[in-house]
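Shared between the two complexes below is subunit A, which pairs with subunit B and subunit C, respectively.
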Partner chain A sequence: MVAVLIGTATFVMMRSLPGDAAWRIAAGRYGYDNVDAAAADAVRAELGLDGPALPALLQWLGDLARFDFGNSLVTGQPIVDEIAHQLGASASLALVAVLLSLLIGPPLGILAGLRPGGLLDRVLLVVSTGIKAIPQFLLALVLIVVLAVQLRWLPAAGHGEARHFILPSLTLALGLAAVNARIARDAMARIADMPFWRFAKWKGLSERQTLMRHGLRNVSVPLITYLGLQFVTLVEGVIIMESIFGWPGIGHALVHAIFSRDVPMVQGTALVLGLGFVMVNALIDVAVRRLDPRVAA
Partner chain B sequence: MSLLKAEDITVRDGPATLLEPLSLRLEPGEPLVILGETGSGKSLMAQAIMGTLPPGLEAKGQVGVGKHMLNAAAPQRFRGLWGREIGVLPQEPWLSLDPLMQARSQIAEAHRLVRGLDRPNATTRAEADLAALGLAGAANKYPHELSGGMAQRVAIAAARAGGARIVIADEPTKGLDAARRDDVARLLLSEMGQIGGLLIITHDLALARMVGGRMIVLRSGKIVEQGTTNQIFAAPQHPYTKELLAADPENWTPRQRAGSGQTVVSTSGLAVERAGQHLFSKITLDIHAGEVLGVTGPSGCGKSSLGDALLGLLKPAAGTITRGSEKHAFAFQKLYQDPVAAFPRKRTLGRTIYDTLTLSGGRPNEVDALLARLGLDPRLLARRPDAVSGGELQRVSLLRVLLRNPSFIVADEPTSRLDPITQAQVISLLTEIAAQDDVAVMLVSHDAALIRNTSDEVLDLGPHGVPDTFENATDVRVGT
Partner chain C sequence: MTKPFLKTALALACLALPTLAHADGTLDVVAQFEIQSPEPSTSGYIFTRMGVAETLVNANADGKLTPGLATSWEVSEDGLTWTFALRDGVAFHDGKAMTADTVVNALEIARAKPGPLRDLPITGMVANDGAVTITLSEPLAALPAFLAEFRSQILSPASFAADGTGVAIIGTGPYRITAIEPPLSLDATAFAGYWGAAPHIADVSYSGVSRVETRALMAESGEAKFVFGLDPASVSRLNMLDNVDVLSVAIPRTLLIKVNAAQPFLADPNARRALSLAIDRAGIAKAVLRYPEGADQLFPPSIAGWHSDAIAPLDYDVEAAKTLLKDLGWEAGSDGILMRDGERFAVTLTTYPDRPELPLVAAVLEQQFRAIGVELTINTTNSSAIPAGHQDGSLDLGLIARNFSLIPDPIGTVLSDYVGNGDWGAMNWKNPEFATLVRSLARGEGGDAERAAAAAILQAELPVIPIAWYQQTLAVSDKIDGAQIDPFERSFGLQDMRWAE
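Here is the complex of A and B:
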């Protein structure tokens, strides 16, 4: 169902984009300098781009049912191979970013939530709102300018070594952590105001024991639930980061496929991202169920 | 030797004295009840002894527990006593258990982290604690799978697992029905045993009477009377104590039956279900103008649902409801249990009241007349719902209901959150209105004594009133 919806939607959107698709595909294949009307016509004839839309869509869906994503219109390689290659690069970037954001956001949020209205709480509110308000590409550029260009600590772009991870994942993580921290802070402040928090102390537990045994688990439920929602932000961010830092991932590929009207490639990537969204949310539902017995009831 | 000695405890909020010097001793095996209404300072007293006063309040005095002597002015030192010497039974046991943790672990963690047992021993002890309280099967249950009574027993085991011999229970019976209240009293007494200490803070006269021991009656931060509980109940000395005991529904004078007027609402073979749960069936009743129908029974027996069905808020599963002689569309009104939740939070009471007046097309002097009749200060209307007392707010709710010129009022536990004296005032207003305005009233309460002494007809819904199936139900006929 998800696959059909995403496939159809991308197909319609790609068809309705302005510009001559054949021309763009030809440019993608041969480079902009080598394109002329003859090359575009050749592409048009080869791919049957003038044909009616509906049979083309139905054919794509039929192929999909046989797990055949087709070949890229530009490189001629099977889409499956291309995506499998790029997905690994994107997933590792996203994973590092999420882990990094969890190291930054929730601990600060919990500390702030333990003393609502305290200094840390107020500073954190300003900083997280500020970071959230900056568009991610701007944040990335600022980090590049400061850390790569001025201080020369880190490479501005590239892929392959561990240090190449730092800038793109840090940019993503800051955006995620800004929200994580708020969620953790609100959850912690709410929990610290609950009767069971007071009762844990009355039982004789110290502040630390109370936090470890009754705070963390309870905070993690809304945090993990929210992680599912953040996945959209994350995908968006990954696409931007990959373009800025030249990261050979699925987002980078998607942007290029759109530029060169590589419809099967766009459909394939969008489909993988869409199914990924469904899968991540399913996993999160399972995790929340395990953590919170009330949900299962 | 006393388990706990508190000497000259005072609590001040800046210049205002909230609790005047008070001393008490807690002896092993002899419960101590601190009885008082809201605002009497009874909870402040408990908080001062435990070192849990809210910030801004200052306590003075000495608290001796075992061999420790602590200064009430330095509350952080009390922390070491929690769980180890003093166990606190929280007001809302259900909310006081971690929702994500099994019952066993909530007890075992105190055995392990506070008493210092290793993990296997702590678990074994926790299971033994549960078994001793008749909860052997509940070890793996999460709080949402426990009933309120079970949660209370888990909480008391957890509160004492650190080794505490003294139990402080602050309003342990708030919002409980009579059967559950008696269970709690028995539980607390058996937990205390011969060597433990038990301090109960309550406004519940029935609980105080059941627990016995010694009693201190507090009013506005002052001790009014103290002595053994039996003696105070038998022969109260102070006028306030007398008034308080007279407000106990057990001691009310039964209502004189008024002549019944026209039938306002009647049912025949009524059955009600809620969320697929069968509540009761075959109820046939007639409610007449000027009459008070009392409905009682334990929690969950369908008292409120019966009211909702009569009001037309809930569709009956079987049977018929006939509403006779309705004066107008709004003649059937409901008085809610929690008046705070029944008013818009951020508007003054006056605005809400005058909006109602506009709706019913009445004249402003109607409000003034009702204010006087209900003994309300007109200045209250300038305040928001959270800035007046519960008793006053419930009377404002009654005023709002009366503005609609009702012929039938369902009062659903209207006083369960009020202190005894206030409760007596609100109930007597309600029954007076029934007689004077010729209004039919259905009064719902879990307090059987209250219902017995205020109602013309009584419908007891349970537990025998809850048959398994419609077919097995016996006919219940009231007032026909």
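Here is the complex of A and C:
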């Protein structure tokens, strides 16, 4: 159902864009030095772009039912292969960024939440608000200038090796961590204020034991729920990071496909992203249900 | 919950550390171009520039044709039969020998796809013993130059699927591809069976990085050894660094305004001259492009023969421009915009952002045209809007960058752009004298005097208004010696580079 909706919506949107698709595809294929009427005509003849819309849509849906995404109009390669390659690059980047953000954000947030109003809490509020307020592309450029150009510790851009992960994932992670640190801090402060927390301490548990036994599970529920929402921010961020750091990811592919009217490619990428969103949220619901017995009851 | 996380992260970091060491034996090339697929008709220029694929004919820095995979070529008396003698002992990267049959196969496949070969008057290509014969229906002196273009690259038959689509790039060049990952990367290593001198640097890689800021930062940090396509701002910064050399060369590409000569306001050559006089080319060159000078005629000095010192240079003179327009019946209206018969002198300038300087120059032109009372609306859109607007006649003015030597002899581009109805050339402009001159040049008759005469006609009539001649700039690490820029943009010259001592 989601697949049909996304596919149809992207199809209608791409069809209703102004400009002749054959020209745009030809420009995408041959570049601005070589796009001319002959190239556009060749594209039009090859792809049968003049045909009516409804049969084209129905055919795409039929192919989809057989898990056939078709071929890219620009490169001629099977879309499944292109997406698999690009999704892999984007997903690994996103995964590293999320792990990194969980390493940075929640521990700091929990420490701050244990002492609301303390020095760490106040510093964290300023820093996380500051980071959140900086556009990600600016943060990325600042990190490149400092860590790659000035200090020469890391490569400025590129992909393929482990060290290429660090800068883009760190940029993404800082943005995510700025928010989940706040979530963790608020959750921790709320929990530390509850009667069961005082009871745990009263019965003789140390601060550390209380946190491990009673705190973490409680804090993790809002954090994980919020992770689902952050998926959208993450997709957005990945698109920007891919363009700045030269990553061959799905965001990069989607932007280029829209520019050159590569309709099957747009449908394929939008579908994968849409299904990905549904899947991530389903997984998070399951995870929350397991963590929080109150939801299951 | 945090502890296992930290442990996992530490373990991951330890695993990652060995790969953090940079493989310094590779010459990393970075440019803006994306590899679409192993298809010579679309991404072929990347493979020829990287030294993976080669053409029958090469061109040197002066645009003179030199032997490539063909050692020599000759044409019959009537100009209709060309014979290209092939180099002996050339092997493709798959071990197969290059024969006349494989060459004809590659050229026939190229000719069936959109590209310059398809429009040539070729009637047949025949494989002889060690030579290829191409027959024409009319003389074409520039045929060898067409065979130097990237889409005429010679690939092994195994490079193509049954329908002619490229599936792998199996060329004859000094480098063979070891890994290709469209859209952004390519690795290659020296090909042991190369017919020529072995390259000094064995391993090379290509990365497509679309943002110019990122490319400049990669050059600055030493991450990439050879960075192609820099913007003016980055060039001035990179010039201050010790570990990077910035190379710059004038290339046969001109920034120009394509004019619809059928548009009622622009039909009179004097109206086009007035627009030309309103353009402060030196100012645009210095402030926007950071070039030493603007263009004073269409063809840059690097196009020998066509660039002429004899023709009067294009001037900047706002008062003269106003006088010309006044003589055409235009009077300034209340807001300063010219009016004639109740119509405002308002036109649209279409351009595209693929080359980042174009929208900037368009913004400056809007100001400079306003100074003579012409209102410009800028439409920055997809590059295909220029040829599409040419075809349906909707274009007024187009700000474009046109390369005259994608085929090393500009005659092909001049013929299609200013005699034929080329999408990127003159629009609704015809000049019989010019057409006769250029057609005879294309047949191989006439010389530099005829070329200069043709250039003078373009200067007088201004079917397009030249603004600047391009400079190609690139940054090379000081760890590399022997880097040069090819003004014809055919090769990165990797095989001639060596590690600095």
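FYI, the second predicted complex is superposed on the first by the 297 of 297 C-alpha atoms of A that agree within 3 Å, B and C clash if a C-alpha of one lies under 4 Å from a C-alpha of the other, contacts with A are read in each partner's own complex, and residues count from 1 in each chain.
Definition applied: a contact is a pair of C-beta atoms (placed from the backbone, for glycine too) under 8 Å apart; a residue touches a chain by one contact, two chains touch by 3 or more.
Please read all numbers here as calculations on a predicted model, not as lab measurements.
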Original post:
Would subunit B and subunit C fit next to each other on subunit A once aligned, or clash?
Top reply: fit
Original post:
Looking at the overlay, what does A:4 touch: subunit B (first), subunit C (second), both, or neither?
Top reply: neither
Subject >> Which of subunit B and subunit C A:218 touches, first, second, both or neither >> reply: first
Subject >> Touched partner set for A:161, first subunit B, second subunit C, both or neither >> reply: second
**OP:** Classify the contacts of A:149 with the two partner chains as first (subunit B alone), second (subunit C alone), both, or neither.
**Re:** second
Original post:
More residues of subunit A are touched by which partner: subunit B or subunit C?
Top reply: C
Original post:
Looking at the overlay, does A:95 come into contact with subunit B only (first), subunit C only (second), both, or neither?
Top reply: neither
**OP:** Please work out whether A:84 is in contact with subunit B alone, subunit C alone, both, or neither, and reply first, second, both or neither.
**Re:** neither
**OP:** Using the superposition on chain A described above, determine whether A:293 touches subunit B (first), subunit C (second), both, or neither.
**Re:** first
Subject >> Angle at subunit A between subunit B and subunit C, C-alpha centres, nearest 10 degrees >> reply: 160
Original post:
First (subunit B), second (subunit C), both or neither: which does A:278 touch?
Top reply: neither
Original post:
Least CA distance subunit B-subunit C after superposition, rounded to whole Å?
Top reply: 15
Original post:
Within the complex, which stretch of subunit A touches subunit B?
Top reply: 194-196, 198-206, 209, 213-214, 217-218, 221, 291-294, 297
Original post:
Quick one: in the complex, what on subunit A touches subunit C?
Top reply: 19-20, 23-24, 26-27, 29-40, 42, 74-77, 82, 85, 99, 102-103, 106-107, 141, 144-145, 148-149, 152, 155-163, 165, 216, 220, 243-248, 252-253, 256, 259
Subject >> Residues of subunit C touching subunit A in the complex >> reply: 1-2, 5-6, 8-9, 15-16, 19-20, 22, 28, 30, 34, 36-37, 39, 41-42, 113-115, 118-119, 165, 181-185, 207-211, 213-215, 217-218, 220-224, 352, 354-355, 381-385, 387-388, 390-391, 403, 406, 422-424
Original post:
Which of the residues in subunit B end up touching subunit A in this complex?
Top reply: 50, 52, 79, 82-84, 87-88, 90-92, 95-101, 109-110, 113-114, 142, 144-145, 155, 158-159, 161-162, 164
